[in-house]
Amino acid sequence: MMEKNYAKPGEYKVIDLLAVAAAREVNDGEVVFAGTGLPMLAIMLAQKTTAPNSYLIYEAGTIDGKSLHLPASVGDARCVYQAAVASGLYDVFGQLQRGRIDLGYLGGAEIDMYGNVNTTVIGDYTKPQIRFPGSGGNPDINSMARRTVFIMVQEKRRFREKVDYITSPGWRVRKWPGGQMVSRQEAFGKTFRGGPSAVISNMAVFRFDEETGLMYLDTVHPGYTVNDVLNNVDFKLDVSRVKGETEPPTHEELHILYHEVDPEGIFLP
Amino acid sequence: MMEKNYAKPGEYKVIDLLAVAAAREVNDGEVVFAGTGLPMLAIMLAQKTTAPNSYLIYEAGTIDGKSLHLPASVGDARCVYQAAVASGLYDVFGQLQRGRIDLGYLGGAEIDMYGNVNTTVIGDYTKPQIRFPGSGGNPDINSMARRTVFIMVQEKRRFREKVDYITSPGWRVRKWPGGQMVSRQEAFGKTFRGGPSAVISNMAVFRFDEETGLMYLDTVHPGYTVNDVLNNVDFKLDVSRVKGETEPPTHEELHILYHEVDPEGIFLP
Amino acid sequence: MGKRITVQEAVGMINDGDMITFSGFTIWRRPMAVIYEIIRQRKRNLHLIEVNSGTHGDMLVGAGCVKVWESCWIGHELFGKLGGNLDRKVRNGEVITEDYSHHQMLLRMAAGALGIPYIPTWASRGTDILNPEYDMLGKLGMRDGSNPRISRQKAQWVEDPFFEEGTLIHVPAARPNICIAHVQQVGEDGTVRVWGQKYADEEAIKAADKVIVVAEEVVPEEYLRREPSQNLIPPYLVDAIVEQPWGAHPTGNFGCYEVDGPFMRDFYNKTRTQEGFDAWAEEWIFGVPDFDAYLEKLGYKRLQSLKANSAYKYSNQAKRGSR
Amino acid sequence: MGKRITVQEAVGMINDGDMITFSGFTIWRRPMAVIYEIIRQRKRNLHLIEVNSGTHGDMLVGAGCVKVWESCWIGHELFGKLGGNLDRKVRNGEVITEDYSHHQMLLRMAAGALGIPYIPTWASRGTDILNPEYDMLGKLGMRDGSNPRISRQKAQWVEDPFFEEGTLIHVPAARPNICIAHVQQVGEDGTVRVWGQKYADEEAIKAADKVIVVAEEVVPEEYLRREPSQNLIPPYLVDAIVEQPWGAHPTGNFGCYEVDGPFMRDFYNKTRTQEGFDAWAEEWIFGVPDFDAYLEKLGYKRLQSLKANSAYKYSNQAKRGSR
């Protein structure tokens, strides 16, 4: 094994670290659902490094495409090149519900301490301050893939005790009718698959306690401190289990990102 | 209009008349579900005569094929030639349930006075004397196409007061759980589409009373009498409305059947 | 075969108050020529029911054509992070929104296509999508059966009695009056071929009672029928055919042209105010008599830069990123 | 990629008692090479769950491999009007039958493929298919949950609460252990391409937990991926790949070969007695070591006469009718 040649802070941008950290969540051979943007960078980087036999599905209906040029969205014509199958939503969402997908990558505007994510509104749903795009496949992927990785911007107003609207279910969710907060399995049994396994922000990586479903701090990115993270979280965050620093990008990974994955600078500035 | 040049008895076979009579049930522009055998002859004859703009669907998954050679079954490779769509069962049965199909052609081993058809067993289902192939799409077509034409062999043991097993629903059916014989609409409301509109046997054409759902004799084929029919029916058949003789095949129709539709003699001996 | 009509005539088939759906996915293969004409003909009270929405939907909302928006997503991908018009009109209480998840919307359309009134799913349990307080059509009394296309319930919770796997959800079928689909090719009689990803087009077309197909080109039926397994829809499901090259601009079309990102970003920026949208619509919709005039206004050079390379199936000319 | 195995190894993946389904339609594109080997390896107590059955199913029944036959149809089309072995074994009480309609079986497979436990349908109301007295698995106590693949109910009657359209039926998902599919082409990694009609292959493959694909030829992935919209199934859904030319004989295969009607008729005629079937199996299954030996026994001339013309996609040599 060659020793890893890590980049130092200043030699990479935050978005590079996000892509690299996310890529490391893929195991080789897995089937991965990826949305537009960072998720694409992550899975394509993984395919070129540690997970060459993983399969990439785009929600709009392509499976295992080998894009020559980075798609700018999952509906992009570039998704289709050398795909195993180009079909449609019914095919890929059906596979998702059937339990065929190992990992989903998602984002969100807000996340709470149980991993509930909001991509729908800020404020009261019936009279919002902002109307966001809406759920898309966020709740579907996050309740039917075997696990989900969220990529988020670290801000106090985004890491909240309670989100304004649960678009995508975390480890304790609302059970309707009624609306009590209960654990996923308590609410819906074993057919409720997956859930958020990691949250990767621009400052840190978070994971969730298996018992309580509460978010805890796992690693802090180089250049940030635990206190930086605590100052950008609006709930009592468990920092007792911090493992240390997030593994920085290697020069090889950065090279692949900038020269093979996104040479045009679609998502990497 | 050219005068029709009818063939005389002896100049055609019973199967020719069956095909011709069945073809006349198609209106131009209709979408028709056809099974293997006589139904294929009927719709293909209709397309070459009175219903050139009708569309032919095969249950296995082809739509509006223009076969160069007569398929020997609906799964045949010959079904695909110049089809609008070659897909599968999910497509065509979905269209059927969606209400897109005007006419289905079916056969059966037994039929009762309400048009209930048996293609499953002779004798008790749980201990049969004969096990037939089973329903196939018979009940589906006959409860989801707008109307259905049955083609049957005229025998006393096949035209029965009560069939051993209702494979395909007539105008009075069993309502489960319970099993009372009730009218289609009474049992299931307006979502119960279609039903048998005609039964064409080797002796006669039968239709059904709109009120009672009972089969009545409509026309008798040339060379047969009302009594011949009555002798080959095992229930009290209404013969009060006989309109006369079934229109015989024309020489042109026979020519098309033997030279264009089935020149190889797959179904026409 | 008498199905060929103009964009203007196609929009004439749409009635105020219709429930309506479209081909495509976010900013890809949307029937924009028809969208512009709907706005030009000032259709009102439309009920959009879409597997997902995008630029076209937000445009209809901005123009005041939409009463109900029922879907899971709206935005312009990289070129505008949300639906500016919908955001504003929802804040002002001018549009009714009904949210389902993506898989739920897809299954609703699939149920419509299959002719069944609802379909079970595991999707999106535990979310506020199923919060009864947020059943907006229900709260407004619109689930009373007076519109037979609006289901009497938003969703239902049901126990699985077959395999005892727990509580799942029934979501109602989507039953639009009309689907307007933009595709690459249609035969003279109506056989539809779609290249590349099919998105949820098959479900949307089959769920609708009426179907208008706008195609880049109308081709001989015989040509499409040489490869019937590549065709999506048979002729009798298509009520009207419109030939309109570039008819999906500014959205993209696999094998034909790229998304016009700068055009879309400009549109998005202007939708942050109603005045901005109105001025945009004045310039690009009301200011031109028809879609061909709109294309003329865009000009040859712009269109050519978007045109797909026939090997790649997308443009390798358009500058896309920062490098 | 390590998925290539032999027919013998493929059958080794099947366990006694497995619930099993197949590609194809009646007498078309059935995985006959595997069927023969299942019989040769004397698998027992199989539970066939099929959208429709045919020659292959009746053969397994005749050989005593089948405990439960759950489907809607069995026979040999023009070449044998019913399933001779099933008929006899049902009369003798040696096989359990569970009848659904064709659309119901299809939807059951579709529900399995979609990962939902059941699906609603209007199909086949008013028939004895739904007669509770004829729920054979129920009557035999097999719906007690001890086999998690057998649903606890045959069907359920439910009122539509969404559009108030009346009483419909829920049918349980089909959840086979394994699907064995014969197709024209498979890529080295497992991408599946099917030519012509797809029948219910997509649903059957996706519903099953394990998938064995037998193909006329294994081809480079890159070749199939040039036209991804013509492919049916991605590699990760395929567990094992077998290359077996002519592997569907005597059933037909679009673009490859004709149904061998005389062979099938001879088989059917012999199935009217168990002795007849046993003698047939002795000659054509136990009497040859493997499928290639079976093909050798059929001989070049016979196979060549069945071979499809590449323009027609079927043989124009085989005499089919009486003229």
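For clarity, chains are labelled A, B, C and D in written order, and residue numbers in each chain start from 1.
By definition in this document, a residue touches a chain if its C-beta (ideal position, glycine included) is under 8 Å from a C-beta of that chain, and two chains touch if they have at least 3 such contacts.
A quick note: this is a predicted structure, and the numbers were derived from the prediction, not measured.
Common neighbours of subunit B and subunit D (chains touching each): C.
Rounded to a whole number, the gap between the C-alpha centres of subunit A and subunit B is 57 angstrom.
One simple way to say how far apart two chains are is to compare their mean CA positions; for subunit C and subunit D this gives 39 Å. The residues of subunit D that reach two or more other chains are 115-116, 121-122, 165, 168, 196, 198, 229, listed in rising order. Multi-chain contact residues of subunit B (touching two or more other chains): 62, 80, 86-87, 96-97, 144.
Chain contact topology: the protein chains form a pattern that is neither a line, a ring, a star nor a complete graph. Chains touching one another form the pairs A-C, A-D, B-C, B-D, C-D.
On the side of subunit A, the complex with subunit D involves touching residues 31, 55, 62-66, 80, 82-87, 94-95, 97-100, 144.
On the side of subunit D, the complex with subunit B involves touching residues 24-29, 51-52, 71-75, 77-78, 81-83, 86-87, 90-91, 93, 97, 99-104, 106-107, 110, 121-134, 136, 139, 157, 165-168, 196-203, 252, 254-255, 258-259, 261, 308, 312-314, 316, 320-323. By the touch criterion given at the top, residues 115-122, 145, 148, 151-153, 156, 160-165, 168, 170, 172-173, 175, 195-196, 198, 229-230 of subunit D touch subunit C in their complex. For subunit B in complex with subunit D, the residues that touch the partner chain are 36, 59-62, 68-69, 72-81, 86-90, 93, 96-97, 120, 125-140, 143-144, 165-169, 173-177, 179, 184, 187-192, 262-267, 269. The part of subunit C that touches subunit B in the complex is made up of residues 113-116, 187, 189, 191, 206, 221-222, 224-226, 228-229, 231-237.
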